[in-house]
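In what follows, chain A forms one complex with chain B and a second complex with chain C.
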Partner chain A sequence: MSDIEIKTTPFDARFPNTNQSKHCWQSYSDYFKCINARGEDFAPCKDFKKAYQSLCPADWVGKWDEQREEGTLPFKVTV
Partner chain B sequence: MSAAAHAAKKAPTMFQTWFRVEVIPIYAVLGVACGGAAWYVTRLARGPDVTWDRRNNPHPWLHIDQETQLKLMTVKENQGFTKSYSRDRL
Partner chain C sequence: MLSNFLFKLLPTVNCDVAEPWQLSFQDGASPSFEGIVDLHDQIMFYLVIIVIGVSWMLGIIIVKFNTAKNPIVYKYFTHGTVIELIWTVTPAFVLVAIAFPSFRLLYLMDEVIDPAITVKAVGSQWFWSYEYSDYISDSGEPIAFDSFMVPEADLEEGQFRLLEVDNRVVLPVDTHVRFILTGSDVIHSFAVPALGLKLDAIPGRLNQTSTFINREGLFYGQCSEICGVNHGFMPIVIEAVSLEKYMAWLNEQLS
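Take a look at the complex of A and B:
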């Protein structure tokens, strides 16, 4: 049990308060911008993915993923 | 003052009573409340959360260094905040 490393998203000074909704959205948006700009295997993009997976409610991620597939995402994820 | 009290049986108007000594506590409390509200609203408006200029500065929170303190006060000494935030553009 001692070799399981449990971590969460580190502190981000841009979002210091308890409400992390904007942090969630920013991470999701940044991950897909990173993917679109650098390709899916670019390792530093993984930090954004871990961040949005920790922070975002599953409903939001599901809704945005659906919108991405349909092309109706209300914000830009291309740079 | 007793002449006025005798002459007018109705309650005096605000115009006649605004400078009385006993009204000062109300002015003091109102001043603190309105001043405090105005200060806090301007503090929120100047924060990085608010987008005032959608074309030229749509995401102000992206331009903050990681050592910046945004909250009003901190309790722990060693959190590593070295800068305070000030909004330099709309």
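Take a look at the complex of A and C:
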């Protein structure tokens, strides 16, 4: 395995406080809005993906992915 | 001089775990901890002065002015405005003086300065799960594992009862680490005293805290919010290692 880069989602001034729930949710939402608007290969979308992967618990992401597939996601991810 | 030198040759053992009958702090390994101890020491100095003063007044009054020694009292002596003002305003000033360094530390500890690693800790009944999702393995899975307490029957000699776990949280030293805490069922609390960490893990909410570990070692903590029968049996162990060892551990976990 090659050298892994030690890097994570940086501080986001929109979410300066202890409660990062919105940060996780916003990153997830922004990623899917981004790929819906620009396609999956659009490189800047990957920052959103890395953010939600780093911040959101796997359970939350799994639940939202299921809801997205069923079309029951309680928030919009299409622009 | 020679004895001083010889003493320094002896390996030192740091107190990073709760000791029986312990009254003092554990040895610190993070700037947050040092801040807490400094604040504690500053306040304790003035606190001791005040306690001695108050106890002295109480004692003197009881000894010299009790009913046996002081049976006759002037019955119209009901209040004294000046002294009452003094003993109300002075404690208020003392509290304001305590507030300044206290709030300073509180807001400093709240800062999450440019973390390099994010570790998610999810509290469940009755174990912790950790996810290191900054890196994805070849098979597309992040590093994730559960951490259960080692039961007393399975402890090896020298291990700590109710504190050891099967999988430790491995972190590199001298690196800003961000913890994201949540609960999967009920409220738990992630606490590691030697690092000055304690934050509730609440279901439906992601709480962020950060740490910076100054030295290598094992740092123990326990769940700090009542969460059921085994609340006392879901400890936390952080193993701080050099960056090279951390990279090696990451590679091992990812393959």
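Of note:
FYI, the second predicted complex is superposed on the first by the 76 of 79 C-alpha atoms of A that agree within 3 Å, B and C clash if a C-alpha of one lies under 4 Å from a C-alpha of the other, contacts with A are read in each partner's own complex, and residues count from 1 in each chain.
Here, a residue touches a chain if its C-beta (ideal position, glycine included) is under 8 Å from a C-beta of that chain, and two chains touch if they have at least 3 such contacts.
This is a predicted model, so every value here is computed, not measured.
With both structures placed on the common chain, the touch criterion links A:R14 to chain B but leaves chain C unconnected. Comparing chain B with chain C, more residues of chain A are touched by C.
Of the two partner chains placed by superposition, only chain C is touched by A:I6; chain B is not. Across the superposed pair, chain B and chain C both touch chain A at residues 17. Across the interface of their complex, chain A is touched by residues 110, 112-118, 120, 122, 131, 133-136, 138, 142, 144, 172, 175, 178, 180, 182, 184, 199, 204-209, 243, 247, 250-251, 254-255 of chain C. Here chain A touches chain C in the complex through residues 1, 3-4, 6-11, 17-21, 23-24, 50, 53-59, going by the rule given at the top. In the complex of the two chains, the chain A residues touching chain B come out as 12-17, 22, 26. Those residues of chain B whose C-beta lies close enough to touch chain A in the complex are 48-49, 61-62, 64-71, 81.
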